[in-house]
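Shown next, in structure tokens, is the structure this report addresses.
The letters A, B, C, D and E name the chains in turn, as written, and every chain counts its residues from 1.
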Amino acid sequence: MAETATFDRGQNNAATHPKFLSVWDIQAYYGESYIVQGVSFDIHEGEILALLGRNGAGKTSTLRTIARLDDPALRHGEIWLDHKPLHKMKSHEAAANGIALVPEDRRIIPGLTVEENLQLAQIAPPIGWSLERIYGLFPRLKERRKQEGVTLSGGEQQMLAIARALARDIKVLLLDEPYEGLAPVIVQEIAKTLNIIRDQGITTIIVEQNAVAALKLADRAVILDTGSVVYDGSAQEVLEDEALRQRYLAI
Amino acid sequence: MLGLERKDTLLLIAVAFITLFAPIILNPFPAGSALAQFNAGYPDLMQRFVIFGIFAIGFNILFGLTGYLSFGHAAFLGIGSYSAVWMFKLLSMNVIPAILLSIVMAGLFALVIGFVSLRRSGIYFSILTLAFAQMSYNLAYSVLTPITNGETGLQLTLSDPRILDGDTGGGLPVTSLFGAEMRETTTLFIGPWSWDFSVGYYFCAVLMLLAFYLSVRIFRSPFGMMLRAVKSNQQRMNYTGLNTRPYTLAAFVISGMYAGLAGGLLAAMDPLAGADRMQWTASGEVVLMTILGGAGTLIGPVLGAGFIKYFENIFSKINDGILHQWFAFMPDGLENVMVALIHPFIGKGWHLTLGIMFMLVVIFLPGGLVEGAQRTGRMFRRRDRNADHVESDAARQRAAAE
Amino acid sequence: FTNAPTGSAVTLGFNVPQTGAYADEGADELRAFELAVEHLNGGGDGGMLNTFSSKALDGTGIMGKKVEFVTGDTQTKSDAARASAQSMIQKDGAIMISGGSSSGVAVAVQGLCQEAGVIFMSGLTHSNDTTGKDRKANGFRHFFNAYMSAAALAPVLQNLYGTDRKAYHLTADYTWGWTQEESIAAATEAMGWQTTEKVRTPLGAGDFSSYIAPVLNSGADVLVLNHYGGDMVNSLTQAVQFGLRERQANGQDFQIVVPLYSELMARGAGSAIAGIPGSQNWDWKLEDEGTKAFVKSFGEKYGFPPSQAAHTCYVQTLLYADAVTRAGDFNPCAVVEALEGYEFDGLGNGPTLYRAEDHQCFKDVVVVKGAENPQDEFHLVEIVEVTPTEQVTYAPDHPMFAGGALGECNPGA
Amino acid sequence: MDAILIQILNGLDKGSAYALIALGLTLIFGTLGVVNFAHGALFMIGAFCAVTLQKILTLSVTTIDPERTDFLGNPMKVQTPYVENWFGPELGAAIIDWAVPLAILLAIPVMVLVGFVMERGLIKHFYKRPHADQILVTFGLAIVLQEVIKYFYGANPIPTPAPSAFKGSLDIGVWLGFDPYSIIYPYWRLVYFFFAGIIIAGVFAFLQFTTFGMVVRAGMADRETVGLLGIDIDKRFTLMFGLAAAVAGLAGVMYTPILSPNYHMGMDFLVLSFVVVVVGGMGSLPGAVLAGFLLGILQSFASMNEVKSLLPGIDQIIIYLVAIVILLTRPRGLMGRRGVMED
Amino acid sequence: MGILEVKGVNKRFGGLQALGDVNLSVKEQTVHAIIGPNGAGKSTLLNCLVGKLIPDSGSVMFDGQSVLGRKPHEINQMGISRVFQTPEIFADLSVLENVMIPCFARRDGAFRLHAYETVRREAGIREQAEAMLADVNMLEKRHMTASSLSRGDKRRLEMAMCLVQEPKLLLLDEPTAGMARADTNNTIDLLKEIKAKRDITMCIIEHDMHVVFSLAERITVLAQGTPLVEETPENIKGHPKVREAYLGEAQV
């Protein structure tokens, strides 16, 4: 389904190519440490992209940069979403333009109940799934909706974090290790959900250590190593090319 | 040397050098010149620099390492002072027993107050310590007047027993170290300069160096590391098999004893102990000193103490007359404009200047004065970027904290 | 001796509260010091130099040396005040320290000056202790004290409110408050009043309502406020708000007394002060020549009349200069000798004596009350009576002043 | 009995002041997590809004009255306020008389503005900084504000009387069947009490019935994540700060007839208000209000002679003593939330 | 008798029965896995073992002694270490210091006032810590501040901190979550190696079946707060109930 992108480095193609999300040569720093070292890729609408790499490769940092969080600081490069310049925005503006990040440590907000955590996501427009619909997908959350979010079990927190993203009307979903800490059955559930989400035209970037699971789901794969793209191609290819996996993912 | 690493040894030597030559360094302007106003090298102020330096060093052992922010440390300072003055009244004008008692008493109080207050953390701890100190202050000011002599402060009188000293003749006796009077001062005149070398100052300075050395040892010790770990993650400490309470309590008591030492020295230099020393503003002052200098750094608290005391004693004394002297070379109109411009910031406006300095420092030098020193240092040696900065590790830890 | 002047100038140290609650008093003190120095150095109109009974001073400084001064901030804290005084002595070579606006500070600095061997001419200090149990040979007080307030007030109170009164004291809980409470209670009891209650209030309490409310039902019909500064402003305003002044008790109108008064406090209390009696060391409305001369030079220089704080500090400076000149020596011991038992006139309050036994100055005391309809902001206080010296004089060994000794004068190093 | 009643009344009043100050402080400290040592200064600035309005209203034309002389014997300058010239002496005088309540109108915009400027210009940069830095910068600011006020208004208290309509006091005792004058309560204190009630209720309602409070709390706990949810938290923080400043300022305005404003009144209240907030429990508005009233009433009782004669000096330390007892028995104060400023 | 004996432990959170009558016996020197759906109560059970939570009823015996009523640090000193589900490390300290602290805890006990010695001089401790870091492939990161580690590295660090204590019982709550596959495999090897070298018992919670089946000798399946089955890995794989409640179609 996805056309394998060939990106002309050094040029901002976002305006001319009908790409949905374009990341062009982003370079980002934590203080003085140079972490995201010129990452470029682009995605079409409704595509699922697996962003892979070893620990410390810079996956999380890349997602955070796209979501326009303060850290790491973007010092060079451009990010375009649907013809809008994300790189000029702050995180809440990016969110208003349809970016949602499910962060790796889930970031459930202390002091708020499960339901409040969800309500919080629906304060600023655009609003997505209704609470009923969310609870339909995650009945576990419905049971626990009066409980303080941070006392949920690890897996439940993960569900809440994903649910919170769905509660907003989003164009791009950035998932940072969504399967971490989830029971296999739930992983399968979520995989299904992600397919549903894709069918609705939502574009997804998924970072996952469980590379096989992610690749199965994804159309494309981008592999990072020490902050740069070392592979950008079809997911299928990575699944099949043992040598490639061995080289970049050591699996 | 002395069981320290090279950079710590260098720091210690630098501090020793500066303290020993402080009477000269702090009096850079010839006496009688227009700028002599800025000279700080007279015994009383120099003593205050080092004494409050001790206070802040001790406070930093608690706050800088464990992150427990005590808002009642002045109580220990006050207790130290009262103990010392009582020792002068009852026993002898020798400063040694007085200071020993100060340290012991402050340590005991710190043990009790710390034991209770450390049951809570964060702001709850701060308020508990504040409450204890305020109670001490209020009681010392009023109900406990028989012990503290209330508002006036505890002073020596002619009728004090002083069992060891015996009769002292007509005047009030003075504090001494086995006969060397604390107030004895030799003034050295070289050209237009004049430098005061006082026994009291050197006594305090030696103790400050000792206190500083000890604090370096504590910072670099496993104990110091544990304290930093407490600050970082108490939970993990517990699940690692460490009992955090004795660690924090030990830090609290040690810093209380430092405060007691400082209080005792204050009384040894000037045998009066006032209740004001225990008020929350005094506790706040040491907090400000520490943060201003750079909490968690070795030398920061001393710098902070010097900074605040300098403003308090030097800026408050500049008056319009002095301003007119400075600008006398200008045409009259301009002179008056200059004086009017500067007037709000000096003399009775010294608080204003201090407030502004606080804000500037904290806004532009997030790590306190030490950070400022480092930046200047860095500017001078751009070349070797990777050079080890004396304080950089501590500063970094601090920046990462909270 | 300490800081013997060597050059062509002599340095005096003026240590006043520049920050804190008494900063306005401090500012006025400083104005007075500057004026005094100006006059000593021959500037201005000479002020009280013209009316002073001693003619030793001639406007050429002190013994031909130009008078210079340094200033410091006491912060109304004993500690800070001593630090500030120390620096004047050690760094600036001050040979005399003056100023201050609290008894605690005065006693503390007086002690310091004694040890350091310089003269201390205290500013505002009203506690009996300053020249009582904490008296020092190197220290002199021009201000009056709590005992003298009481002695002057008592007859006036008797005239105003009779002898059958029950008094309720609210007292600032520290040494000055206690001595004033003790003195007033003793003096009023001597004329037949009863003291129903003495209640100590914390310093800077702000809201005194919970201390004032019980007064209503205590059976008392006079409230004595042994407060000063902001505390007094607040307690008085609040007492008036609670309607104490409209009340009747024991068949008489309820009354409030503020034994120690000042114009600055009266300004703070606003209309609440109207009609309230109290005592002052001095008032600019006194009619003697010295006062007139001083008010004139001060008023012309600064645009408003001087406070009693200003007066005290001005006079202290002249007195010191005069004593040095008369002694012909800057040595503190010579100065002490010149001042002890010294009688003079022309510095306000009529003939005045510096008693040798305790270095307390004896002169007329001014009994005042708050003006009902002040014609302007400078007339908030009216003089009721000038109590003659004899009536406020006491024996040096009076029990309220017992326990201290001057010691010997200390000329220092 | 009546002695106790009257102390309860007094306590309520002191309590309302504590509660109001603590309320504002909790918004900044308990909710925004900023240790704001300048809060007392905000209270003080509020009080000086009243002073300023009074000064403005009494701005006067100066005429020379040759009949009378001033203290130096020169002809007397007579001041007539402009408002009396404009509105006639009676209405003019009445307006001046009502300066304190009118000052509310001045204080609201001024305080909100002060809050906005303070937050945007300074505090904003300190949310992520250690509490210690916040203390230093806000303490510095407090000193600066206080010195500026001192520079313009002097150090002595300035009388700001309540409107004469509220002079005098209400004899509550008579209603309850006690002797006249046994329980009286100044009218203005009643006004203050009700005023406090209204403000407290208003703030509660605002935070309870809107999501504002929840969002701000969430933003405090984790501003990054709240940003990810599309919420511009900065704007809300600024608003919250403005609100807190306004609450502090109004508390100050209305308190002026009770406590003549002076430049250090903020510092005097500062420590106490921190104690109240912490005893109430960090992050809890009801806690702050409750603690305010509780400590106010206890303090009133402790200042009764009967109590004081039993325990000398108790009135000076009662607040701290109670604070210690409460904090030792209840780990997070009366109603504190877990995790707020506990480390 | 196992080294760890949990008998009849109950824990409620308000209306929720998080643990219902849990019995568990872990044999000395075995690796015992606890698996189960999310929210089954696995972490809660561990919390009861290390003193973070106190069970409403039941008993927990370790090495013949009850752990209930003891403080967390006392329990640790008995020989139980735990790796948490979300990494608990000393974020402000360097990686090396993070590992040295447990070394001190092991050598000096719960408290010792060694305020005058210097850390530098503690060569033995440092070597120990460095050796441990080398084992988890983190030696070159030893001077980094722990907070700037990536997430997978934080987990490895925490594991190193627990291992270096040489506990008798090591509790691992999802130790490899978020770890790259290669590191997961390394971790498995490391745990195996440690197990072979020392008399250590391990109790491991994992959702990664690869890890579970590579390590575990016994597996307890927990569901809704109660143990469903306790079996050898082979038997678990085919267990229908387990498949339904937990594994789904996952390949194991």
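Operating definition for what follows: a contact is a pair of C-beta atoms (placed from the backbone, for glycine too) under 8 Å apart; a residue touches a chain by one contact, two chains touch by 3 or more.
Model, not experiment: these values are computed from the prediction.
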| item | value |
| --- | --- |
| Chain hops separating chain B from chain A, counting only touching neighbours | 2 |
| C-D or A-D - the one linked by more C-beta pairs in contact | C-D |
| Identity of the chain that, by mean CA position, is farthest from chain B | A |
| From chain D, the most remote chain by mean C-alpha position | E |
| Whole-Å separation of chain centres (CA-atom averages), chain A against chain E | 30 |
| Length of the line joining the C-alpha centres of chain B and chain E, rounded to whole Å | 46 |
| Whole-Å gap separating chain C and chain E, where each centre is the average of the chain's CA atoms | 75 |
| Interchain centroid distance [CA atoms averaged], chain B/chain C, Å | 35 |
| Numbers and ranges of chain C residues touching at least 2 other chains | 23, 27, 173, 200, 202 |
| Multi-chain contact residues (two or more partners), chain A | none |
| All touching chain pairs, where touch follows the definition stated at the start | A-D, A-E, B-C, B-D, B-E, C-D |
| Of chain B, residues touching chain C in the complex | 39, 42-45, 48, 138, 141-142, 145, 149-153, 155-156, 158-159, 170-172, 174, 183, 185, 196, 266, 270, 272, 274, 276-277, 312-313, 316-317, 319, 321, 347-348, 350-351 |
| Residue numbers on chain C that touch chain B, as the complex places them | 18-19, 23, 26-27, 30, 34, 69-73, 77-80, 82-84, 86-88, 90-92, 102-104, 107-108, 111-112, 114-115, 129, 134, 173-176, 200, 202-203, 405, 407-408, 410 |
| Touching residues (chain side chain B, partner chain E) in the complex | 3-5, 217-218, 220-226, 228-229, 231-233, 235-244, 246-247, 250, 254, 396-397, 400-401 |
| Parts of chain D lying in touch with chain C, wherever the complex brings them together | 2-3, 6-7, 9-11, 13-14, 17, 68, 70-72, 76, 150, 154-159, 161-162, 167-169, 181-182, 184, 186, 188-189, 257-260, 262, 264-265, 268-269, 299-300, 303-305, 308, 313, 315-316 |
| Chain E - residues contacting chain B, complex | 50, 52, 71-73, 76-77, 81-82, 84, 88-93, 97, 100-102, 104-106, 108-122, 145, 147, 161, 165 |
